[in-house]
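Okay, so chain A shows up in both of these, paired with chain B first and chain C after.
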Partner chain A sequence: MTESAVIIAGLCKSYRRHPVLKRLSWTVPAGSVVGLLGKNGAGKTTLIKCALGLLHPESGHSLIFSESAWSLDAATKARIGYVPQTAGLYAWMRIKQLIAYTAAFYPRWNDKLVQSLLEQWELSADQRIGRLSVGTQQKLGIILALGHEPDLLVLDEPAASLDPAARRDFLKAVLSVAADGTRTVLFSTHITSDLERVADRVALLKDGHIAHDGPLDSLKDSVKRWHVSAAAPLPADFVVPGAVRSHVEGTEALLTIRDGTPGVLREVEQRYGAAINVEDLSLEDIFLELHDDRVS
Partner chain B sequence: MTAFLKQLRQVWLAWANWPVFRVMFWVMALQWFAVWCQVRLGMFYDFGGYRGNTFEFNWWWTHGIEGLLDFCDHVIPVLLVPAVPLMIGWKLRKEMADWRSALAPRFRFLHLLVAAVIGAAILLVMAVAPAALALMQRYASTWQWNWGNAPVYYHGKQFVAFVDSISGNRLHFFDEVHGIDLRIYSAHFMHYDFWPAMAQMSWLLLTVTCIAWVAASVSSWVGLVVLLFAAAPLLGYGYNFYFFRLLAPVDYDRGRSFVDPGAVFGGPVLLLFAFDGLLLALLWRRLYLMPVGLDSVRADERVPWLSGMLVGLKRQPPGGLMNAGIWRRAAHRRAMGLGRRFIWLVAVFTAALILCSPLSYSSQQWFVHGDFAFAAILTASLISVLALGLSWPQRFAELSEIELLRPAPRNQCAREIGLAMLYDAVELAVATLGTMCVVIAIWSPSIFSTWMFWNTLAAAVLSQVLTFGLLASAMLEQSTIASMIAVVLSTLALLILMFEANWLAPSIAAAAIGVILTVHAYRRWLLAETNT
Partner chain C sequence: MRPSLLLQVAPTSGVPIYRQLLDQVKAHVAGGHLAAGEFLPSVRQLAEQLQINPMTVSRAYSLLEEQGIVELVRGQGMRVLPPGPAANGKAREQAILPLLQHVAEKARQLSLSPQQILDRLKPLLKEESHD
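What follows is the complex of A and B.
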């Protein structure tokens, strides 16, 4: 059985009595690249911080490599790489100083990887960190998190401030970390195209729960858009099982169906004499459809 | 015109509804209430004084209601004087960084105008106007005379003199309390006190301008040093000595040797006022032309070019700390703006300034007296408190979550970071107090043989323990306000303990409180969240 990198069970967290996470349970399998999706304010950062033991949940627990996140030992921490939303770096240091400072803490340090990433992202070791742009600081934060080749790399919206070229390089770096299938990458993002490019699993955080968790392909397979063209005008109470969103106008209907089966499709075709065109959705469309509060 | 007035009204409301402004308003109200009480109670102003050979303040635990009123109408305003330009400068910077400052017509001009009016009004109402209440008092001249010891109100004296003269000079010319005939003094009031008062006012204006400048634009370590030297005299006792005399190297003693202050002060004071005016105009221009998105500009300015060289960390090989002891690991975690070299640079720079200060006096008598040693130790301690208080809480808030995920268990991490801060605190105290002792040894070596000196030094050292505890507790709150309160409390504690240095027990008690706070902070740290 594969070890789980992160196991979260019954996690509750509130800010000033406003619940953010509500008895959330979730498992991140080891060796997977997991994208965490959610609207602004959904609690992605809170979930990541609780998972890492940076925030104390009101109830529930988080385990990292089977160890309580709140009291991780040194060896387990050495297996974690973390890039927060805003890279907290020592502004007064030069890049080489910060690299040396960070490397001193870790039992293994891949200097070759660090140097190649510095070169790739055109960072000079002599640059003063405080003078770097926000995006460049984020690059440096990512490099530092990769330097000790962590078994679990956690990134909180890492690419938000990167330009397209840097984002592509960053995704390459993430893929190279995950290439051997033993390392786990967990990252939250708004950029669904990035997630589609590298993630093999996706988790949707909604209303304090994980609304969906599974392989990216299965999510794409499970959510489709149906264009229904009926022979006669459709009734006002036109309902299809599994529809998360529907728009009916005369003989036409536009439906977003979750877990729609061929049987349901045939039944609709036969009952309304309809022709149904099934359309695949992009992850962004799926995200929008599942987060639309006007679900019928 | 109507559009202009509407805009002005909106800008005014934006400032008037600012919570900080409201706090300042109530603090000023408290000050006025205290002054009014003193007037109604027939108390005259005497904020501390010599009792025997020792200078003592009127603390509330020794002088009851009198001490409390003194605290409200003197200490609080003294703390508020640097706070007003600091907060106004900070808000202006934020306003100018806003996109509206580039797109909305007259936005910058109106904000600068309202800020200038509010700043001037607060300083006038707080520092000058309370002096007018003296006119309600029977012994107004006594108030005037005693205000010689009160830095913030000193320039209010000539304001009172002016009102006196137009109100038909209804003052009593005899100070029944001190038994001093003040007729000659009053007759020559402008002659004696106008220029010295203007000298102090010019320095007050310079201080305020420097602080506003630092808050509004440059926030580097260099700026901090400027700020310290500008603000330090406002903190009280040293005010008259450091700058009042630096401006005019004379023995200003109206009782024995008369020197015409106008002749001595006039030139330097006018020059200083001109310099103040220039700085204010430059500050206005700088803010008026400041680019939108200033925060990114400031990020660049925040890092002085010397900083990397001053960190002075011992370089470790990759993985070099894995099996290192806690002391070495803690020393490694000292990575922050306060590098070791920086600490010593600031200490030596401060000591050099203090060392040179007697050269601008015509008489060096004062420097062989105990007061010089006292002022030097006080300055060193204040620098230590402020440097630690302004740097560590910020570092902790920014970096705690990264620090916590370095390979080490939570309790070990807490100990290492605590020790790193302790290293800095100890080195700061040793550097500033040590270099200052060298200065004292040069100017007044005989002081080392007095019990008073060692008591004062012990009080300074013990108060650092309290400071450490306060800051360690405040750090966990990860709040700027909590950190500022800790710094202010530390400063007050330092002043109180050092002025009560003839009795060491309070300092020992304060140090014990510091130890308790530190232990408590450590325990809380183990449960603390790092939600930055």
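What follows is the complex of A and C.
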């Protein structure tokens, strides 16, 4: 039984009586790399802030390494790295000053790692922070969060202002954190392709709760698109078990199927004299399909 | 070619990465590009090279081990096993099946008859066999 990095239960949060999180429960297993997906405005940032104890929910609670997020002791705080969407870095400092300042807060600080990341991402220690572009500031924010080698690294839309090359570097950095399989990475994004390389789990935030949570591989294995072409026009009440979405037109049907079995496939083929072509779906397709589902 | 260079992944494909690796190793073993006794790259090495999560690589490797394609040699890694007696031809046929299904689907869409497809395919297969 592995420890959980984050356990959230019954979380409610609203802004001006508009509910954003509705009794949300969610567990992030330790040692996993989790991508939190959701449309713009779905509440990803709110969820992350509530999870870390940076924002007070109306009800519910969040535990980080089995401690209440609201009253983390210093030792547990030192195990967390957090990169907010907009890094509030001190504009008047130089990079090296900010690094020294940040390092002073942590009992363990890997200066070698920090220096090598600075070099790799082409940041010079003498640059003034206020003069850096948004993307460069984000890179610096990520480096600062990696410096103390946190057991839990939380990144809110980390790739949003990075160019493709920097994004690749960022993913590489995430992978190096994940490589030993003991540290946990949680990052929110709406860019599914970032997630597909590095994440081993995906969670989908929708309508105020986690609509899906599980290994990325099983998600891709379980959700498929079926192209059905039947011998005769399909009946108006044509249904297939596990269909998340279906579109029927004459002899043709386009179905999004969850956990479809070969047995069901053969049955549909036989009953309607149909040929069925099963198509694999990319995470982006699955994301869109699950967002539009009418069965939830 | 070195074993590690035989493997590639398309992360945005609908086929999970672990399954891409699994299929490719099987195909290379069946096709003789990976000979019995050769070692697969280490989990860490392959994850770094392909820039993917190491857990994905270990998942593919343990499935390969379960299916008797490779064996774990302590301290050395995953060694390719000789193919089973009946496995070879079957495995090679299995490997091309998804592509053939794709061709069949396209043929239906374009209303091409099986004969038309076969007529087009035959010369292509002959050309290849001269190589």
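The working rule: the second predicted complex is superposed on the first by the 292 of 296 C-alpha atoms of A that agree within 3 Å, B and C clash if a C-alpha of one lies under 4 Å from a C-alpha of the other, contacts with A are read in each partner's own complex, and residues count from 1 in each chain.
Methods note: contacts are C-beta pairs under 8 Å (C-beta built on N, C-alpha and C of every residue); 3 or more make two chains touch, one makes a residue touch a chain.
Just so we're clear, the structure is a prediction, and the values are computed from it rather than from any experiment.
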Exercise for the section: With the two complexes overlaid on their shared chain, look at chain A and say whether chain B and chain C clash or fit. Expected result: fit
Exercise for the section: Would you check which partner chain A:W121 touches, where first means chain B only, second means chain C only, and both and neither mean what they say? Expected result: neither
Exercise for the section: Name the contact category of A:L283: first (chain B only), second (chain C only), both, or neither. Expected result: second
Completion exercise
For apex chain A with the CA centres of chain B and chain C, the angle to the nearest 10 degrees sits at 150
Practice task
Between chain B and chain C, pick out the one touching the greater number of residues of chain A.
Solution key: B
Handout entry: First (chain B), second (chain C), both or neither touched by A:W92
Key = first
Practice task
Examine A:A78 and indicate which partner it touches, taking first as chain B and second as chain C; both and neither are also allowed.
Solution key: first
Practice task
Based on the superposed arrangement, let me know which partner A:R108 touches: chain B (first), chain C (second), both, or neither?
Solution key: first
Practice task
Look at A:F170 in the shared chain and tell me whether it touches chain B only, chain C only, both, or neither; answer first, second, both or neither.
Solution key: neither
Practice task
Tell me which partner A:S229 touches in the superposition: chain B (first), chain C (second), both or neither.
Solution key: second
Handout entry: Three-chain overlay, closest Cα atoms of chain B and chain C, distance in Å
Key = 28
Exercise for the section: Mind listing the chain A positions that touch chain C in their complex? Expected result: 33, 168, 171-172, 175, 178-179, 181, 192-193, 196-200, 216-217, 220-221, 224, 227, 229, 275, 277, 279-285
Problem - Contacting residues of chain B [partner chain A, same complex] - result: 296, 299-300, 302-303, 307-308, 311, 313, 315-322, 332, 335-337, 339, 398-399, 401-402, 404-410, 412, 527, 529-532
Practice task
Write out the stretch or stretches of chain C touching chain A in their complex.
Solution key: 11-19, 44, 47-48, 51-56, 59, 101, 105, 108
Fill in the blank from the handout: chain B partner, complex, touching residues on chain A are 49, 52-56, 70-75, 77-78, 80, 82, 84, 88, 90-94, 97, 100-101, 103-109, 111, 128-131, 133-134
